[in-house]
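Note sheet for the following structure.
A, B, C, D, E and F are the chain letters, set down in written order, and residue numbers restart from 1 in every chain.
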Amino acid sequence: MADTAETRQDRFKRGMKVLTEIDGDSGQKVIDSLADISPELGHQVVAWAFGDIYNRPGLAPRDRQLVTLGMLTALGGCEPQLDVHINASLNVGLTPDEITEALLHASVYCGMPKALNATFVAKKVFTERGLLPTPPGESA
Amino acid sequence: MADTAETRQDRFKRGMKVLTEIDGDSGQKVIDSLADISPELGHQVVAWAFGDIYNRPGLAPRDRQLVTLGMLTALGGCEPQLDVHINASLNVGLTPDEITEALLHASVYCGMPKALNATFVAKKVFTERGLLPTPPGESA
Amino acid sequence: MADTAETRQDRFKRGMKVLTEIDGDSGQKVIDSLADISPELGHQVVAWAFGDIYNRPGLAPRDRQLVTLGMLTALGGCEPQLDVHINASLNVGLTPDEITEALLHASVYCGMPKALNATFVAKKVFTERGLLPTPPGESA
Amino acid sequence: MADTAETRQDRFKRGMKVLTEIDGDSGQKVIDSLADISPELGHQVVAWAFGDIYNRPGLAPRDRQLVTLGMLTALGGCEPQLDVHINASLNVGLTPDEITEALLHASVYCGMPKALNATFVAKKVFTERGLLPTPPGESA
Amino acid sequence: MADTAETRQDRFKRGMKVLTEIDGDSGQKVIDSLADISPELGHQVVAWAFGDIYNRPGLAPRDRQLVTLGMLTALGGCEPQLDVHINASLNVGLTPDEITEALLHASVYCGMPKALNATFVAKKVFTERGLLPTPPGESA
Amino acid sequence: MADTAETRQDRFKRGMKVLTEIDGDSGQKVIDSLADISPELGHQVVAWAFGDIYNRPGLAPRDRQLVTLGMLTALGGCEPQLDVHINASLNVGLTPDEITEALLHASVYCGMPKALNATFVAKKVFTERGLLPTPPGESA
C-alpha cells in the first residue's frame, strides 16, 4: 500500500464515509452529542475506529458486525452501543433472524442474563424498524 | 436414572413447572416478552435453564439462589435479572436479612459499586413486597 | 502509628469527615438511601472505604480519583458511581479537561463503548455544574 | 419441525457429532477431562451447547465462530476456550487473516489488552498448525 | 451490640481467627506473601474482609461460600481465589457434589467458559484432597 | 494545532518515541512478538495508542498511568499488561508506595480478588527491579 500522507481532517473524512454507510444517522448522533464534552473522543471514533480499522478490507462489514454483536453482548452494560450496532447489522445485510440467532448463540458463552439483555435491545430496534414479529421458527 | 425419551414440549413443560414455582409471574413475563423476538431463547430459558439445570436435585433451590445472587452481582449490568432473582430468593425461603447480608458480603469480592447496585435492586423489590424497613440490626 | 482503640462510631465519624470533603452531598445521599435496606453497607462504605482506605496518606485524593475513574469506566454498569466520582474528581481539583482526557485515555484500554458511556456521565455532571462546553482543544 | 421424542443419549449423540465436526479432538479432550469431576457439565456442553444451539440452521458455523471469537475476547480470562475456538474457526473455514483481523477489530470495542491477549492465543494456535507467518499485509 | 473500642491489632486478631477457621493454611499463605509488598492489603483482607464482614452472624459460613463461588466464577480471572475458596467451601461443610453442582448452575448465568474454568480449579483442589472421582451421578 | 499531513510511518515513529520513553524495552518486545501474527495490531498500539492518545498533552504521563493501573486491575485477566504498566508507572515517576497504595485503593472498587491479583504482579515487577521490601508503613 502506498503510504500517502494524510491530515487529521483527511482521516476524519475517510472515517465519516464508513460510519455513515454503516451506522446511518445514529453514528452521526453519537458524534454530535460528544461535540461539547469530548470532541476528540468523537474524532477518534470516526478517524480511528471507522477510518483506520473498520475500513480495512480484511473482513466484510457483515462479519465485523457479527464479531461486534458478540463483544457488546459479552461486555455487558453496553445497551446504547448494541442499539447502534443492531441497526448497523441490519444496514450491512444481516437478517433479523441471523441477529436473534447470534444472540441466542451468546447464551452459551455469556450466560442467559447477557443474552436476554441484548435480545431486548434487538426487540426495541426491530420494533422501531417494523420488523416484528420475526417469522415463526421452530420454537415451542 | 432411566433415560426416558422426551419431546421438546415435555422438556418445556418440566421447566415451566420449576420456573413458576421459583419465579412466580415474573418468569412468565420474561418468556412472554420474548415471544415475538426470540421464542427459542424463551424456550431454552425454560427447557434448559429451569428444566435441565435448576431442576436437578443436587443443590437446594435456596442454595441455587445464593449462588445466583453472587453471580448476578458480580457480572454487573444485570439489574433486570437481579430483580427477578431477588424475588425468587424470597419465594424459596431466603429472608430479606439473608439477602442483604449476601449483598454486603459481595462488597468484599466485587467491590462497593456492584454491591451498591445490587442492594438498590433489593430495595426496589423489598419495597414492592412491603418488606421495608428491615429490622434494625447491629449497624451504626 | 500509635494503635489507638476506636469504636465503630469513631471509625464512622472519621470516614464521614473524608466522605463529606470529597463527595459533598452526594455521598451522604447514598448513605441515606441505604438506611432502610442495608445500613451496614452504608456503615462500611463510610467507615472502611473512606475512613480506613481513602483516608490513608500514601496517595493524594486527586490521584485516588484518577485510579477510581479508570476502575469505574472499566467495570462497566457503574454509571451511578461514576456520577458521584466525577463530581468528587472536580471537588478535589481535577479539571474538566483532565477528566475528559482520562476518559479518552480509557478508550485504549477498555474500548470505545465503555469510554463513551463514561464520557456521557461526565457530560451530565458537567452540565449540572455549568461547565460545558469545555474550552475548544485541538480536535477536528 | 416434528417434535420427536429424544433420550438424553440421543441428544448427547447429536451434539457429539456437531462437536467433532467443529472442534475435532480438542472438544473431546475437554469432555474427557470433565469425566471424573463433573460429567454432567460435559454432557451439557455436548447435548445443549452443541446439540441444541450450535446445531441450529439459522446461522452458519463460520458465522457462529465470528460471534464466539468476539465474546471470548471480550469476556477476558478465557484463553483455554479461545484456543479451542481459534482451532474451530480454522476448521470451519475462517482464514488466519480473517481471524487476526477479527481480533484487531476487537481492539476498538474491548480495548488493546484483551485484543492482545486473544491475538497471542492465535499466535500459539497458528504456530502449532504451521500457519505462521501470515502473509505480509499492509502494515508498517 | 455494645460498641466496644478496638485497636487495629484487635480487629486483626478477630479476623485471623475467622480466616484460619475457614481457609486453614491457604489464607495464612496469602497474607504471608503480601508481607513484603503490601502488608496493609494483607491487614485489610484479615481485619476487614474476615473480621468485619465474614464474621457477621447474618449468614452461615456455608452460605457465604455459595455466594462467593458464584462471584468468583462470574468475575473470571480469579482462579487463585477460587482455589482458596473451593478449599474453604469444603472446610465449612459443602460437599464436592454441591460444589460441582453450583459450578454447573453457573453455566446458566455466566456461560460455559467461566463454568469450565471454575470446574477445572475444583478438579485441581479435589485431586489434591483425594476426593476424585466424585460418585457417579445421573450423567451420560 | 496545525493539521500537518502525516504518513503511517510518521505516526508510527511518533508513537514509537512515546512508547520507548514510557515502557522502555518491554513495549518493543510486545510489538516484536506481534510481527509474525498481526503486525497491524502492533502498528495500532504504537501509532494510535501511544502516538495519538498517550502523546496528548492534556494529562501527565504519571496521571495516565494511575488511570491505567485502575483500568487493568478492574478488567481482570490483564496480568501481562499490568506487568508492562507497573514497569511504566515506575519509569514515569510513580513510587513503589504510590503503586501499592493505588492497588490497595482498588480493593474498594474492584474487590479483594482483583486487588490481590494486581498486587502480586507488582510484587513480581518490584522484585525484578530490586525494590522489595517496600519501606515499613503503618500496617499491622
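Just so it is clear, a residue touches a chain if its C-beta (ideal position, glycine included) is under 8 Å from a C-beta of that chain, and two chains touch if they have at least 3 such contacts.
Remember, predicted model here, so these are calculated numbers, not experimental data.
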item	value
Other chains in touch with both subunit B and subunit D	A, C, E, F
Longest centre-to-centre distance from subunit C, chain (CA-based)	D
Most remote chain, CA-based centroid, reference being subunit F	B
Interface residue identity across copies subunit E, subunit F - same or different by half	different
Winner on C-beta contact pairs when C-E is weighed against D-F	D-F
Angle, in degrees to the nearest 5, of the Cα rotation that carries subunit D onto subunit E	120
Cα-centroid distance, subunit A relative to subunit D, in whole angstrom	22
Rounded Å distance between subunit A and subunit E, as computed from the means of their C-alpha atoms	39
Euclidean distance of C-alpha centroids - subunit A vs subunit C, Å	31
Sites on subunit E at which at least two other chains make contact	8-9, 40, 44, 48-49, 53, 56, 71-72, 75-77, 81, 104, 107-114, 137-138
Graph class of chain-chain contacts, one of line, ring, star, complete, other	complete
Interface residues, subunit D side, partner subunit A - complex	1, 48-49, 53-54, 56, 58-59, 63-64, 66-75, 81, 97-98, 101-102, 104-110, 137-138
Sites on subunit E touched by subunit D in the complex	76-77, 100, 103-104, 107, 111-117, 119-120, 122-123, 126, 132-134, 136-140
Subunit B-facing residues of subunit C, complex	8-9, 12, 30, 33-47, 49, 71-72, 75-78, 80-81
Residues of subunit F touching subunit B in the complex	107-114
Residues of subunit C that touch subunit E when the two form their complex	3-10, 40, 44, 48, 52-53, 56
